[in-house]
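Paired with chain B in one complex and with chain C in the other, chain A is shared by the two complexes that follow.
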Partner chain A sequence: MSGFDRPRFLWAVTGLVYVFLFAPIFVVVLFSFNGAKSLQVLDGLSLRWYEEFWRDESLRESLVASIEIAAITTLAATALGTGLALGTIRSRTRTARGAALFLLIPLVTPEIVAGVSAFVLFAQVGIALSLTTVVLAHITFSISYVTIVVRGRLAAMGSELEEAALDLGATPWQAVRLVTLPALWPAILAAAMIVFALSFDDFVLSFFTTGESPQPLPVRIYSALRFGISPTINAVGTLMLVVSLFFIALAVLLPRLLGRRESGLAVLTGSRTA
Partner chain B sequence: MTGAFWRRFLVPGALWLIVFFAIPFGITIAISLGEPTELGGVLYGFNPGNYADALDPLFAPVLLRSVGYAAATAAICLLVGYPVAYCIARYGGRYKHALIAAVLLPFLTNYLVRTYAWVALLADEGLVNRFVGEPIGFLNTPWAVIGGLVYGYLGYMILPIYASLERMDPSLIEAGKDLYGSPRQTFWHVTWPQTRAGVLAGGVLVFLPSVGDFVSAQLLGGPDTYMIGNLIQQQFYGADNWPFGAALTVVLMAFLMIFMIFYLRGSQERREALA
Partner chain C sequence: MSECAVELDAVTKRFGDFTAVDDLTLRIGRGEFFSLLGPSGCGKTTTLRIIAGFEQPTGGGVRLDGADVARVPPYRRNVNTVFQSYALFEHLDVAENVAFGLRRRKVPKAEIAQRVGEALELVSLGSRASDRPSQLSGGMRQRVALARALVNRPSVLLLDEPLGALDLQLRKQMQVELKRIQREVGITFVYVTHDQEEALAMSDRIAVMCDGVIQQLGQPEEIYEHPGKAFVAGFIGISNLLPATAANGGVRIGTGALIPAPVPDGIAHGTDVHLSVRPEKLLVDEVEDGMASVEGTIAERVYMGTATQLIIELAPGARLVALEQNTARARADDRWELGDRVRIGWWPEHGQVLR
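Right, the complex of A and B next:
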């Protein structure tokens, strides 16, 4: 580690890591435009694998299902998570402290544990697995992410504004609606976009909680991979990358578009300086 | 606005987490003490035998392997990720944000698709082997699985280290040099202690999901490299031994919770020592 003060060595390591990170993605995107069926040899460029994807009705249904799951998850988890953020930061009671600690557990629970737990719950209560059960599991695991992001913002904000609103005659509910929530918007939106991307991409939870048909896209990819690799998967992977990229870009850019001067990255990490 | 007013906001989310997180885990514990029926169902009871099975010489290596792979993954991520975070934070200049965003970009590709891209790259007739010349059997080795895990979770290491480097006052490094510290001494005595919290957080963020991962071993490894996640998955899909699968799940969760308690206590002691 003697190279820590030598930028050239550091840039070399960093460059290699970027190659390592991007090589597989480059391969996926490039070969999604391959004219031949091979995953090893590039033979002209074409859109045939995208056409193939579009013609496959069940794959298309899976894409729609994944978007629906992510949308509903985002709405519900954002509302529940924001509530928990308000409750745990602003109420300084022992219940709130306990809740704050309890909230951390889903964050450190491996997905497979969450998947198994959700699976046995639905099996024992007798709820048939379907897209609804996937949504329930996704919401459960997204709440904590929202709370963490929104809480960072809320803690940095302080409660002076709310107190000022009360002094000016607002009821507590009005203070929340007219002062707290508008000030939290950037963080709430950013958290929502992240939840969308996470839910859209999730495989393990979906795998344990999905029914037969239609299945979320990642589960479909998994079963397709077991029957051998088809270049169509490259097209699907590229499309998913585009969707996730879009939502993460929104997460970073929206706070700016809303007229805040700080960067979205700072809102996400809860830091006051970018 | 009193505590009682704010406490109301906790209710919906807390109820949701109790119903869909705490209770299901309780059911998992109950099932782990049951017995499998021939139909693939569960007979509730008190049968600690499932836990004895989980620690049986037949399955214990899988548990150890999972912990070993995850520890190796965290170590490699640190070794590879620290220089990257350091380089971006110190020498990134105005490209800092772009460089960090570029680190995160690959993590937006679906984990399955990313991992299987490695299968295409590392296969015997794959691009890497054609480049090397003679085929090296990369796949189905522990290194392929650990490599897949590193690839899957490296971002979780780079981000917290980067954040802790950014928080650090750069004039401390200058001060270290002014006091005639060599670059190496300055790093170990000034920079490293300042970023230790980030390193530990990164280690935990990489280690936790790695232990429970089953995709990397499924796609890049074989039965010899299966991890506890693969074993659990098999109990619910195929083997139909839910109680044993549930017991493995509880063992995994208990191990990670103990690990987390030590981590949190350690970081609290450090905070107190600093204060």
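Right, the complex of A and C next:
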């Protein structure tokens, strides 16, 4: 039994780490159901902060706006990033290798720099800031994540599958459509999941590129804080958590519903059996 | 129509500074089981990939059924490949994998169903049609890959180390199976392997390759019994290679003894050569008149079941390996002890003088 080999304190350390990770989230969720206005003392359970949130039209619009931004960003960045991964991996040219290297730059650029430069760019070109500019900035920033995840998968797959398709009479385009993309599906879904999560709760980039109203939810919450903290924030935070969990669940379940053994989450966590 | 399924004319393939295939000319006949045999990096797989169309030769011409295919992409060539990794499509079931090629060629649905069924029967997988590849064993996956290629009735089937990933017993079984299938369908097989036993067991002809060049081409018996070069003798089977110099009517080995052996034309007296004799041709302590013979000491004895391998030292550094069958009458490891002086003999025609 391996349980006896492991020192007990490892269990304690693991437990503490999890408490540290999840306690704040737990507190937010718990206090979102608080009957009183206090952020420290729990006084009965109620849904009043959710009702308050629902009555606040601008908060509601912000939640919808954020979901829209994340959804459009996810679709566009996943499509573009996957295309870029396919294009750069099989090509032996120097340009393709250079392009692949450039992909890393958005990952190491401080987000504040990305935000400021996007702001300056839009101002110079003369595009008025709105939800559209937020989406454009998010897509630009997210493509790298998709390409890196999908490229990793493509590299691990090797080129024999595509060659087998060509060998059996598929044109290069059919080979990608009928063989490569189905094999990449879990990786693409995993990438989409990351992009959705990043875009949905992004603050810095959104802050620099958003227009007046409606603002993305994180920016809207930040503005609200200037007028004092209301427990409504807890309700909003809980709702954001629910939306994020919903999409993670989707990424796990979708491949299974379609008869695949491997989920998008398994690609990310590296477990092959999930 | 050409008699040849595959014709390579002075084909060269370079990757940067590395020459994988060097000025290779080759004719493979219709219905032939042809093997490209050689160590890794010898250019055999590159040659196969050139025939399949995955690599463009740097120079030279490729013809399939007499037609130049220089500008024909893989998906329009009438050849199919069994890949080393099998490259099965995991998102499709076995029948869909096998049907893939027929679908691309817009074969009518009823005919697809019938041909897929036949192909799966041919490889004894009729009952696994709706399984996913991941549910199959290695040997079954290999047979799916074979059925997927054969169902298209290609003019040439290319096989890239198809049995490499199987364990020994299954490999032996599949060798027989592959040979049977090839006879049944009558398709030209071009088989790449580094396993000399496999090549000897299955091929009609073998091309032994090294450094991108064919070292010897011939039938299995010819390659084994009469290797034309020291490399071929060494690569195929266990071979005894004694350094020697060519002399009148034979060769002079390091001990100074003159050994009778057929010296090929074109090897002048005094040339440095190798004398090669297969281990099973050596007779220990059973020398007859007219045999070439040398004396030595038993240095090592390895029991191998059906036979015992004796390593006999003629002089320091000069050793011969003899393979003695463990017959009903006697076992070699009962007959000789380490350190025994023995006389080894062989018929002169079994000695090969190689440059």
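Assume the second predicted complex is superposed on the first by the 250 of 274 C-alpha atoms of A that agree within 3 Å, B and C clash if a C-alpha of one lies under 4 Å from a C-alpha of the other, contacts with A are read in each partner's own complex, and residues count from 1 in each chain.
The working rule: a contact is a pair of C-beta atoms (placed from the backbone, for glycine too) under 8 Å apart; a residue touches a chain by one contact, two chains touch by 3 or more.
Predicted model, so just to flag it, every value in this text is computed and none were measured.
> Given the superposition on chain A, are chain B and chain C in a clash or a fit?
Result for chain B and chain C: fit.
> Once the shared chain is lined up, is A:Pro182 touching chain B (first), chain C (second), both, or neither of them?
The answer is second: A:Pro182 touches chain C but not chain B.
> Please state, to the nearest 10 degrees, the angle that the Cα centres of chain B and chain C subtend at the Cα centre of chain A after superposition.
After superposition on chain A, the angle is 90 degrees.
> Quick one: is A:Tyr50 in contact with chain B, with chain C, with both, or with neither? Answer first, second, both or neither.
So A:Tyr50 meets neither chain B nor chain C here.
> Please indicate which partner A:Gly169 is in contact with in the superposed arrangement: first for chain B, second for chain C, both, or neither.
In the superposed model, A:Gly169 contacts chain C only, not chain B.
> Is the number of chain A residues in contact higher for chain B or for chain C?
Higher number of touched chain A residues: B.
> Quick one: is A:Arg90 in contact with chain B, with chain C, with both, or with neither? Answer first, second, both or neither.
First partner only.
> Taking the superposition as given, tell me the minimum C-alpha spacing from chain B to chain C, whole angstrom.
8
> Quick check on my understanding: which residues of chain A belong to both its chain B contact set and its chain C contact set?
Common to the two interfaces on chain A: residues 163, 166, 172.
> Mind listing the chain A positions that touch chain B in their complex?
1-7, 10-11, 13-14, 17-18, 20-25, 27-28, 31, 39-40, 79-81, 83-84, 86-88, 90-93, 95-96, 99, 102-103, 105-106, 108-114, 116-121, 124, 136-137, 139-140, 143, 147, 159, 162-163, 166, 172, 175, 197, 201, 203-204, 208, 218, 221-222, 225, 229, 233-234, 236-237, 240-241, 244-245, 248, 252, 263, 265, 269, 271, 274
> Show me the residue ranges of chain A that touch chain C in the complex, using the header's touch definition.
Those residues of chain A that touch chain C are 158, 160-161, 163-172, 174, 178-179, 182-183, 185, 260-261.
> Across the complex, what residues on chain C touch chain A?
52-54, 73-76, 79-81, 83-85, 87-91, 100-101, 104-105, 134, 148-149, 152
> Spell out the residues on chain B that touch chain A in their complex, using ranges where they run on.
1, 3-14, 16-17, 20-21, 23-25, 27-28, 31, 42, 80-81, 83-84, 86-88, 90-91, 97, 100-106, 108-114, 116-121, 123, 125-127, 130, 151, 154, 163, 183-184, 186-187, 191, 204, 208-209, 211-215, 219, 229, 232-233, 236, 242, 245-246, 249, 252-253, 256-257, 260
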